[in-house]
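These are the structures, in structure tokens.
The two complexes that follow have chain A in common; it is paired with chain B in the first and with chain C in the second.
What follows is the complex of A and B.
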């Protein structure tokens, strides 16, 4: 047994800041009536940014609570991405929520709870911590999906997400209980020790692992556990969708990474197959499912299914190369989706927000800057060379190719060819169709974020003084898991 | 630095006019391109003196282009006498054509584009002639091809211009395949693409035999043959000559620059540049001689009866190129290059004069609708006569004459000498063909003068009221070219002829064959046949209103089979249409309609797209919106994965 000391609390400084401030912010929200929502929002953004960088600043590596909470380079990097993404989405939600009469302080509170849950997930070193973190973020997300409770669609989305989420939690719990039953421990470190002592893998453990991965696959909307994604993406308020598409995906992927490198690192032959199946199905369903979509949020739902497939390809390769490939891919993906949703939220006429792909028709004639931004983002998502999206895929697929998963890489490439079709169709709609609408002037937060994101996708980032430190950071993060 | 300016000034002009043409306006674009070319031309003459008289040959490496394994190619400038001559010809004619175009293209809306193309062409041509390796040469070769295509089709709204541009391009492709294969063969056999390295190894590889298309051929002969196929395409030699007459659809300055003075001589240049290879390939040299001589004769016969003023000159070009080739074929590279040099001037002069006439008569090109206008365009008339005298080679042996007199007679004499040395049947044929072609050249040239300027005007009288002499910016280039046409022969004869041994050529050409003593009749024969041609043309077209009678006879379907045969250019176009073109179209249809649409598209892109859409629809259907469907899919997926994993685990 490891003795508890207060020094260990520095490992969870970020989470503590979130947990302690959320209560105060709740009180402010309740009692300050006029500017309450705004105060809470900006304070939340500040808290989220503190959470994001606390890991890097304190830079403590170790574990607390008997190894139940791990702080390492990996968790620092992932939490930084999650915190920054959440802060940005919170910032640019403001205008949209105001226009839809949804600007309530609870939104920020829920966001903090969700991020707190993600932080715990990413740092978990124990099946129970993991479950607590997972449920914490999930419960917050269910509510956020249904945040516009006057909207039938949003309520339906929230409810569906909740029921299916409960089902997936059941699978996860069942898998965890199997693992506990066959190994007799909850700690990741202990599980690894037990498994490394066994000569052959017990079928019960494999079944437990599959159930757990299925539960987590739901969180990252990997096929065949993806069914909720299009409906929820479409039904939820757009800023919420923007949040869904980024941070929670990364948190769940990080958790999967921690599981397959930590406790189950010894039995890779079991989980590689599962990841390969998930990856192949996600890529194919993501690519083909998007073809017929007319709603751009729904389309982005399928797009995220396909992109999780590519991330899983990198993970299936395993090793430091695979993990850092996944991190590079996800970092670029986060930059892209934040920009895409910031652009989508600019699709608004006097009559309200628009979501149809056809509503983008002829955008180049009325709003050239937005058209250019959209075009760059779509080119990047399609993986057209010299946009960053191309390099994201490159780093995600290369480790798999080197690990001998050639056919998986081929499937990934074919899927991205199909995917390119619908991304390019959006560009075609923007530039070559007859003009459909003139959008109202967008708030500065949205134009700023979408343009910044589009600019970041230009290969100017390839300049060594930007990429080399980023690569070093990511590789250190990946290496800390092994 | 000198050579870099010569080479890149036209490129800079082309880029400025082409990319900024709309912003800076037509006037500035014209000014910039013309100014830069004049600079380039002046410097070229300096270079010419430096190299030809000072003997300063050099190689300037600009930078490395390709470096793949053993394969290395540089961007480099090889400056020797051969290059210097071409530099002078290209930049001078090009500069004059630029100036001339100020007047000729005055009312054209695409002036900036036109000047950009002209300058770009000049750059590509300069790259071609300055290259020290075959790869860079090929780059320039294709560059001039593109420029030629763009300029022939410059008036892209005219369907006939587009068709002519495509015809020129496609015909040149046939030749380019030969050139490309030749370049590959050079690399394969010599392991280098650098001219000097290749030439130094020829003696070692003389007896090497390589398989080609199932035949065993001498390596050097093979290379020589393949390169010559390329040269035939570019220089419009028989079989691949069909594009040149049609290329006259382009603006007349283009015809003068590209299709008379410079680009079409690229083939001659190539053969002379590769002279060491041809020296070692006697069989192919014989073929070069025969094709050249036959083209000289064949094109001249067609020129006899054409009625379009530009086409007559086009066939004349074709014929003169034939002269140059057979000179090169019998080893008289000096004579070939010597003919190329003044030919550029007097042929450009003739074309530009024709352009002047065409403009004066409101874009009328049919000589049957001209006549009697020499008083209205006196300058053009006199200059065109000078051009004709130069082309037909008027002069008196022992005393001197116009430029063509020196250069053409040098070729005919060389052919006689080669034939007289024995065992060279092609040379004998070339000698007689050359003489016959000289007679015909004289006939069709004077026929052109008589039909255009003499007799009564046969066109619309309204047009005649507005007919006037061209402005100065058009006539001044003509005067300069005329000076060149008169003097180029007498000034440069001593330098160009190898047997005079003035050291002008340096190492650029192989050793000369020495001067022969010719019988008197060989010296006088060209002069005599030229005079005979003139007299015949005079008696047919001037005496007793001959022109009107002949036009009337032609219109009534008279003229006999032979006349029609010539008028229709030996039916070569029809022959190609019936065999190659129709055959290719059938083959293309087969591949396209059956191979591509029915097989590749159906199972490839179209089929895949249809399947993808169908799959997308099915997936959308699955996405029903019902919770229990979703849950069912999740559980099904879970069960499937567990089954899959346990099957794998069980082996």
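What follows is the complex of A and C.
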């Protein structure tokens, strides 16, 4: 048993900052009545940014609490992405919440809790750590989905998410108890040692692994565990949907990566098939389910199902190339999705927010900048060459091709061709249909974020002085897992 | 002979009760009955824990699940639209069944007690040096598992924040007591001296 020392706490400095600031911010929110919500929001943004960069600044690699909490290059990189995405979504939700009369300080507190849970998930080196982190972020997300409690659809979304989330937690726990029963340990490192000593893989362990992957597939909304996604995306308040689409997906994918490279790295034949099935079903259901959608938030729900499929293709390839492919794909996806939702939140007339795809008709005539931004984002999501989305898919699919999963890559390409149809349909609606609405002037934070995101998706990032350091970070992150 | 088989008999009765009650939770039409069967399931499982020598877990199961969770469920069920008049009509009719359930539970408790008296050494040994399992849990809970303990505490705080966010409503026009205002009242602010002329009263 490893002795505890206070030096170990530096590995979880980011999480400690979040946990301690929650208490302070709650008090500020309660006692400062007039500007409480604003103060808590800006303080939370600062805290989230500190969390995001604490890993890189302290740069400590090691583990605390007998290996239960791991700090390495992988966790630093993923946490930086999660923290920055959460801070940006918190920043641009201000205006929307104010207009819907929802501007309560608890929103920021819940966001911090969710990010804290994700931080614990990403760093987990133990089945218990993993479950505690997962539940913490899930509980915060359930409440955020139902945050607009006077709206029937938001309450329905929250309840649906909660009930199905509880079901998935049950599957995850069942799998974890099987793993614990058959290996006799909770620690990832110990499980890996036990498994490497076995000649053939025990069926109980395989069953446990499948149950755990099913529980986690629910969190990343991979088919066939996707049924909650469209309803929750549509029902939840738009800034909350923007948050759902980004950070939690990356955190759960990072957890899957940790599981399949750490404890179950030795028995890859048992999980590759599971990941392949999840990837194929997600890509197909995501591509065909989105075809008939009329609500843009539902459409983004199906789009995220399909995109999780591409990320799983990269993971199914395994190895450093697969993990870094997943990280590159997810980094570009997060940039895109934050921009898309910042653009969706600008769809607002005097009578309130709009969500229909038809409401975008003729946008190019009334709001040229927003139409250009939307077009760039949709081209990137569709994977049109020389937008960053193309390179995301390229890096996600290449490792699978090299690992001999050619047919899987073919399925992915076919699915992305089908997917391109509905992204292009939005562009067609924007540029060639008759004008439907004139949107009110959007707040600066939204226009700034959506334009920045669209600009980032142009191949400016291909310039070597941006690409090289980013690639180096991602390669180091992926290599630290092996 | 019979005495030696007591733990096995106790196990089979408890296990059968737990499974049967769990089935009745989902089979019974009345939600209140479901909750009562659920409590029965918890009690039977607690008995199983005692048989295994995990008396701390048994007590925990009764305190947490029967004491808190089941009561909470009961509240939720009461909120549902259940016709209690119709339910009460069948009270005498169900009395024998209730009696049987009560007898089974009583028999279980006696058997568990007797089994542990007959064979005190039976069950899982949690520590070699004879520490009880409550001590063994206490030894690791705040040392080896301190991180999880704190993290679970944060989840509880989150649950509180979430419950308040979803249910607390600020209402206008509520008459609340302001103690400092009450104490700060002076004679000048609280008493009005009126000079009343005889025979006229103060009526306007």
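As a working rule, the second predicted complex is superposed on the first by the 482 of 482 C-alpha atoms of A that agree within 3 Å, B and C clash if a C-alpha of one lies under 4 Å from a C-alpha of the other, contacts with A are read in each partner's own complex, and residues count from 1 in each chain.
In this text, a residue touches a chain if its C-beta (ideal position, glycine included) is under 8 Å from a C-beta of that chain, and two chains touch if they have at least 3 such contacts.
Remember, predicted model here, so these are calculated numbers, not experimental data.
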Contacts of A:37 with chain B and chain C, given as first, second, both or neither: neither
First (chain B), second (chain C), both or neither touched by A:146: second
Which superposed partner A:290 touches (first chain B, second chain C, both, neither): first
Which superposed partner A:201 touches (first chain B, second chain C, both, neither): first
Which of chain B and chain C A:224 touches, first, second, both or neither: first
First (chain B), second (chain C), both or neither touched by A:120: second
Which of chain B and chain C A:78 touches, first, second, both or neither: neither
Touching partner for A:167 - first (chain B), second (chain C), both, neither: first
Doubly contacted residues of chain A, that is, touched by chain B and again by chain C: none
Partner chain B, residues of chain A touching it in the complex: 160, 163-164, 167-168, 171, 201, 203, 206-207, 210-211, 214, 218, 223-225, 227-228, 230-231, 270, 273-274, 277-278, 281, 285, 288-293, 418, 421
Residue ranges of chain A touching chain C (in the complex, touch as defined): 1, 4, 19, 22, 26, 64-66, 68-69, 104, 106, 109-110, 113, 116, 120, 128-129, 132-133, 135-136, 139-140, 142-143, 146-147, 149, 158
Contact set on chain C toward chain A in their complex: 143-148, 150-152, 154-155, 157-159, 161-162, 164-166
In the complex, chain B residues that touch chain A: 612-613, 615-617, 619-620, 623, 625, 627, 629-631, 633-634, 636-638, 640-642, 644-646, 648-649
